[in-house]
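In what follows, a structure is listed as structure tokens, so that the remarks can point back to it.
Just so it is clear, A, B, C and D label the chains in written order, and each chain counts residues from 1 on its own.
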Amino acid sequence: MSDALIFDFEEDKVRDECGIFGIYGPGRRVSRITYYGLHALQHRGQESAGIGVSNGKDIKVYKGMGLVTEVFNESILKELKGKIAVGHVRYSTTGSSSIINAQPMVFRYYWGMAAFAHNGNLVNSNELENKLGEKGAIFQSTSDTEIIANLIARCEEKDVLSAVKKVVSTLEGAYSLIIMTQDKLIAVRDSYGFRPLCLGDLDGSPVVASETCALNTVGAKFVRDIKPGEIVVIDENGIDSIFIENRERQGLCVFEYVYLARPDSNIDGKNVNLVRLELGRQLAKEAKIDADMVISVPDSGTSAAIGYAQEANLPYMPGLIKNRYVGRTFIQPTQKMRDLGVRLKLNPVREILNGKRVIMIDDSIVRGTTSRKIVQLVREAGAKEVHMMASSPPIKYPCYYGIDTSSREELIAAQKSIDEICMHIGADSLHYLSLEGLIKAVGLPKEKICVACFNGDYLTEIPQYHEKIF
Amino acid sequence: MSDALIFDFEEDKVRDECGIFGIYGPGRRVSRITYYGLHALQHRGQESAGIGVSNGKDIKVYKGMGLVTEVFNESILKELKGKIAVGHVRYSTTGSSSIINAQPMVFRYYWGMAAFAHNGNLVNSNELENKLGEKGAIFQSTSDTEIIANLIARCEEKDVLSAVKKVVSTLEGAYSLIIMTQDKLIAVRDSYGFRPLCLGDLDGSPVVASETCALNTVGAKFVRDIKPGEIVVIDENGIDSIFIENRERQGLCVFEYVYLARPDSNIDGKNVNLVRLELGRQLAKEAKIDADMVISVPDSGTSAAIGYAQEANLPYMPGLIKNRYVGRTFIQPTQKMRDLGVRLKLNPVREILNGKRVIMIDDSIVRGTTSRKIVQLVREAGAKEVHMMASSPPIKYPCYYGIDTSSREELIAAQKSIDEICMHIGADSLHYLSLEGLIKAVGLPKEKICVACFNGDYLTEIPQYHEKIF
Amino acid sequence: MSDALIFDFEEDKVRDECGIFGIYGPGRRVSRITYYGLHALQHRGQESAGIGVSNGKDIKVYKGMGLVTEVFNESILKELKGKIAVGHVRYSTTGSSSIINAQPMVFRYYWGMAAFAHNGNLVNSNELENKLGEKGAIFQSTSDTEIIANLIARCEEKDVLSAVKKVVSTLEGAYSLIIMTQDKLIAVRDSYGFRPLCLGDLDGSPVVASETCALNTVGAKFVRDIKPGEIVVIDENGIDSIFIENRERQGLCVFEYVYLARPDSNIDGKNVNLVRLELGRQLAKEAKIDADMVISVPDSGTSAAIGYAQEANLPYMPGLIKNRYVGRTFIQPTQKMRDLGVRLKLNPVREILNGKRVIMIDDSIVRGTTSRKIVQLVREAGAKEVHMMASSPPIKYPCYYGIDTSSREELIAAQKSIDEICMHIGADSLHYLSLEGLIKAVGLPKEKICVACFNGDYLTEIPQYHEKIF
Amino acid sequence: MSDALIFDFEEDKVRDECGIFGIYGPGRRVSRITYYGLHALQHRGQESAGIGVSNGKDIKVYKGMGLVTEVFNESILKELKGKIAVGHVRYSTTGSSSIINAQPMVFRYYWGMAAFAHNGNLVNSNELENKLGEKGAIFQSTSDTEIIANLIARCEEKDVLSAVKKVVSTLEGAYSLIIMTQDKLIAVRDSYGFRPLCLGDLDGSPVVASETCALNTVGAKFVRDIKPGEIVVIDENGIDSIFIENRERQGLCVFEYVYLARPDSNIDGKNVNLVRLELGRQLAKEAKIDADMVISVPDSGTSAAIGYAQEANLPYMPGLIKNRYVGRTFIQPTQKMRDLGVRLKLNPVREILNGKRVIMIDDSIVRGTTSRKIVQLVREAGAKEVHMMASSPPIKYPCYYGIDTSSREELIAAQKSIDEICMHIGADSLHYLSLEGLIKAVGLPKEKICVACFNGDYLTEIPQYHEKIF
């Protein structure tokens, strides 16, 4: 709507697609609690935010483009009264009409209403959509959620819960999902457990959320992770749990630890921050370099850099300063000013870097474009040597489970050798954490995590084409 | 979203639900032309506005809450490039999430995309929705449009046109409808012809619109009214026309002439303004009163008042002045100031009214609340006598064909005799135009117009209950 | 801020500069009353709106660009608590930073605070500004108000009232002015009485306003017009009145009757609507034409057209229909569509005009550009003859007293003879009301009104140059 | 304007009042460069942003409430064409009308126009304002800038530069000031040098800015700090420099190093980040505690915490995670949820803190309210001991030089002993850096910095009362 071009410095990061939150809390201000919960999950999506509430009879929803704090105000929250709530944040894609894809999506069924909030990506969505389309289903959005909602409608089971159970067993891919009917809150985690989903308790009211940081923020106690393949049903009778299927091979996305999740969250029993520190320590064991200091690319590389520095017994120094105010409507530098580029967001501290041999740690390298610019910035600030390190292995394969990596053509590690990448980004040396080191640092059994973006070992069939029609 | 209460002086009017516009114009700026066309139809709906375009491959749509001039700007129009366009304006209802009901609605079918713009109301929507729901359809809006779109998807005809033809024959009620597929513009007018729909030509490009004023505004020539039961198909092969069914009894809504349409429009061969002048003349023949002048309740009663004055040979005087700036976000007077009421929008001219016997003409009386206040205003300004007249008969029955009259309980003429109404509004006398007079003034055969709101003679079965679920 | 060009159909009208309103009402919701008062004066200015309140100690002000209903909402009004209020509406000029010119302007003086709302234009502003500048005054706006405020600050009288009295006697030009100090409301009308200003009473609370329609709207009784040269002071001691000077020759702007004021207002004892009807009747006496009907250019020509029709015993017909929804952000037709021009706002009714000899009445003709287009529209709708008439004389001279006529070069009557104008606009004949007819219709003594724009007989010296510096 | 209460977690921080930026760059896109420069200075003020440009003849300005990225867009920048530009960011205060205080302020003088951007606070503003008021000056804002602008207007020197020189020698207090006339850019730093101001060079175009980070961001080279008491004049003849007076005792605000400035800036020869690391190291020398780890209150305590950890040979751990998305319109928790408080912005990492003896470092403690909550959070996360430390001495005295500390009554160190504060915030121990340690860490001679907020040793007379009238 604005003629201002949006300049996104962080374009060279993988991006999560969503954060979800739900509460079953008669007598509580459920929309307000959801507001704070979504706010804690804001890092999982900044494009749109939405909250739906059920008062037992009706479901109301309010959604908008922008951050949680931009979309909602006091009077909107006041109008969203109910005993159950479900909320969603979604990341920023282009397209002026994308409000149509904002969640929660509310559907009127023959038997009543339901609101859906989904984090993940189905692998067989095209197939499912085509089947549904042949049978007369039509679609208003490009969201997998609409597919799931349609499947449930066509399931012959009359009881919602049975329908959900039956339908999800036909879905292939990642789906941490919260469904709110007029009187139930249903949370589903796919049988691979690709995306996190946890259960909490706010003084007796059950809460579900993508990450534990949302539980902490609203003052709820962590109860447990929802298990891969589990359907949790919350209603006036309490909490019940049923299982879709029990897989040996599971696949929590390891990138949740590397970059996506908030460091204060725990996922499947592991604290993200501790994992990141350990990634750095592991990296220090694998890649020993004679240097004067360790710096990080803030903020994503900071914990690993601290861990590295501790293990390597080198000083960790704040050598790059990030401008915290880059907003969603930043005006792009003109072609002539393009060399400003990264500097609008990151500034090196010459007094720290000048004449020094520097190890610089980022969580990952996707396309390499930003790394190249940062290496150059650090050199211009006087660094004698710049040793670039990533606290994860080279990303060689696209993700089909809800993460927006670039396409394979853009993944630098799919195209070039490490030496070539090192040359491309202009570093003195380049080191990636090994896949073994990564798994070791995470500390979960190998068969419980998905590392397909590093080794191509997808847990499901992958879509032959992954093109969206509209 | 705002805490400002909206004060709607015109609450005591019937309200149309929509205006629609479409153009098939390769090589033209179709979204811009649609913008001007919708602007000319703004009186048919002020809640939301939307324009969809097809470039032959993709359909893009942009919709928003508010007036056409508020929703669109240059850069939005520039992004809406295409060779076909369809637009819609919708009237103001309550509900924060009502963007979901804004049109055109775009649906992705198995065979491609289609955008729908609809003016009217189905009588059998609950029945159709229930049937669809049983077969697994789900609904995101409360709009009849979504029902029609779903029916088309489930129709076994593979060809869109055949499907449209088959589906519309199952619809009962009012539906002037424009459907844009990737390469066609299809206009449908229900077999009763409840709502107007006309065909124009803009230097070779076919245009369809709710009213001829939209043709004039964009510089198109009027070609003809689309006939009741006609489906007009426009594509690269030109204009084709097929018929659903040919009814003897048709039912153009007579209220289009009385109040809804713009006076400069022609509907089914009759100019609205001329009809309104004739309504006044007819009223003068029926209700002769010894008075000093004729005034109107502006703007809706003005043409009839002029006609009355001419016939009765009395001076027409501008005795009530309307504030033209009452916006959508007017702050409501507090309870204590409530007596300001109507005065914020209408002010009587004492110098004209003082000591005079006044005939005051409005187009209709719905609930009587506003009439009462205006009579009081005119008396306070010194009028010796106030003779209230309506240029239409008493409204005794609710409309099921796309007009928002109040419910039967609120229709004053459904509850009270004319004498009681006269007493209620405090007039010296009260006269309505007779139904015969109305029909005579309109000049169309009785069996071509719907006057059900006056005599309860509905053309279709009426819904047993007309409650919306959400 | 928007890239949308603003298309102003009414560019060919003279424009007033402001409307002002004030109330001294301890115990009342003075900001809310002022909101309604300004709303009634909205026709006098649509660029910006502002309200200032004094609680006896502090003065708070809120201003914004746009209509009264756009600038204010409930929560803003709630924050504007006080016992005295002053409000202002200003017309639309260009320039993104023009909020700096919005009124009321609040100034902190050595002795306290004061808010100013001004309607009019000083003739000696450049001279005064230069003098002040030489003595060290600086200016943030281009408004005369800032000049007046500075003069008061430099006046040696310590008492505000004496200062105001002394200062206003040095001002040359038009200034209907409301000054609110912390405990007083002071209303001043210049000694020529160029702009209207009246006094009302709202159940004991004095009210001042540009026009009586604002008194009516807020439910106040009209007390009297404030006299030319009068200063009315309202405070806890009641209402007092002092006089600047008593001129024989006064000069109420006659254009207030012709076009500017709302028809339901009374100014200096004359009802605007009655005057307009009389202008039409007078015109009928002066310009008799054999024709079939009288139509008006809505809305400004309507009352005169009705008067003309009555006097000439011809039918008045609604032959041109105005689109009431043209907003402030209308998107301009592209060059190619430019011929749409006037049609976006006015549509002729062919069924009324076709084959007819038409007298078309507008209140005035400024540049002739719009008249030309309308004549063409009416012809295209089939009118056999179009006789254009203006209910005022040819405008030949620019106004220096607060009205934005075009510059002399643009005033068509300053450049061409009536015959030439008639040819230019393409009418069959063209008639203006004579100056004598105008004065007669107004009914005020010749020496009480200003008709300088018609005859160049300015009441004051006129500025040698009238250029603003910034 | 919104009914949403604003929740400001960082209320317990001192706050700077402004950032300023200017460029003299014929042939360059000066407004765009200023946009990026202001963006780099956004931490110095988030209330309003403004940019003024001169094209040699006219000065245009655009200002708005909000962040730089919210106030400006492409089309606004495009309209701000010129060869000189000056920009300003201002911090957030309350008051709906505060746009009146936004800068740059533009004044029309007898001799031309000038735009002012000011960072600092005059100590003798009341005295100066009273003197000006007595002589007939009036004020529209509460900004010192308006006082300075008026003084210049009344100075008898006809030459702007002489006037500036003469006027600034009468000002007492802090004033880093940029004045743009139609053809000059004038930068002034007060003779104490309270606020930073530096000179840079962008490929030949002189640039001035509050901090060097703004130079880096726009790609300019640092030339030198502007000296206390220096007036730098930039015009077509190049750069000239004159001096107001040369004081022995100067007083750069030490809080610029402690908290206010961006860590990547250099001020008066010292890098802020290095100073902060050194503050931590110095603290480690003064306050040795037997602990397991050092954590910081992010982000303000982080550099000092890293320095402390290095010196104390303890691990620095990311034990508190900050939500980076708290926006300006965050909805405040209700009274019942108030205990959420700090948790909405900070979340402790139990897995890091549990069972540990923790040293927690913040840059300063102002009112102690937030420290108390954070200590509690850290304890709840399982920390066995919490040793709170501030990398600056106790703040006992208010600042009169442009920093918004709380009033003396609210400064906890002005009311309580260190032991009492420790008890109040619930820490196991509390240590402040000594004043000597602070000065040592900064590394500038004692007589060059102002530490009045710590020891009350003000460099100027202090105002007897510091109340603003409006």
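Here is the rule we use: a contact is a pair of C-beta atoms (placed from the backbone, for glycine too) under 8 Å apart; a residue touches a chain by one contact, two chains touch by 3 or more.
Treat the numbers as computed from the prediction; the structure is a model and nothing was measured.
With contact taken as defined at the outset, chain A and chain C are each touched by B, D. Simply put, of B-C and A-B, more C-beta pairs touch at B-C. Ranking every chain by how far its Cα centroid lies from the centroid of chain C, the top place goes to A. Annotation: 59 Å between the Cα-based centres of chain B and chain D. Separating the centre of chain B from that of chain C, both taken as means of CA atoms, is a distance of 35 Å.
Separation between the centroids of chain A and chain B, computed from CA atoms only, is 47 Å. Counting partner chains per residue, chain D shows two or more touched chains at residues 2-3, 73, 75. Contact between chains, using the touch rule, shows up for A-B, A-D, B-C, C-D. Per the touch definition, chain C reaches chain D in the complex via residues 1-3, 58-63, 73, 75-76, 79, 96-97, 99, 105-110, 113, 130, 133-140, 149-150, 153-154, 469-470.
Within the complex formed with chain D, the residues of chain A that make contact are 2-5, 29, 32-33, 35-36, 39-40, 42-43, 46, 67-70, 72-75, 77, 213, 216-219, 262-264, 266, 271, 273-274, 277, 299, 302-303, 306, 310, 315-318, 321, 323-331, 333-334, 337, 339-340, 343-344, 347-352.
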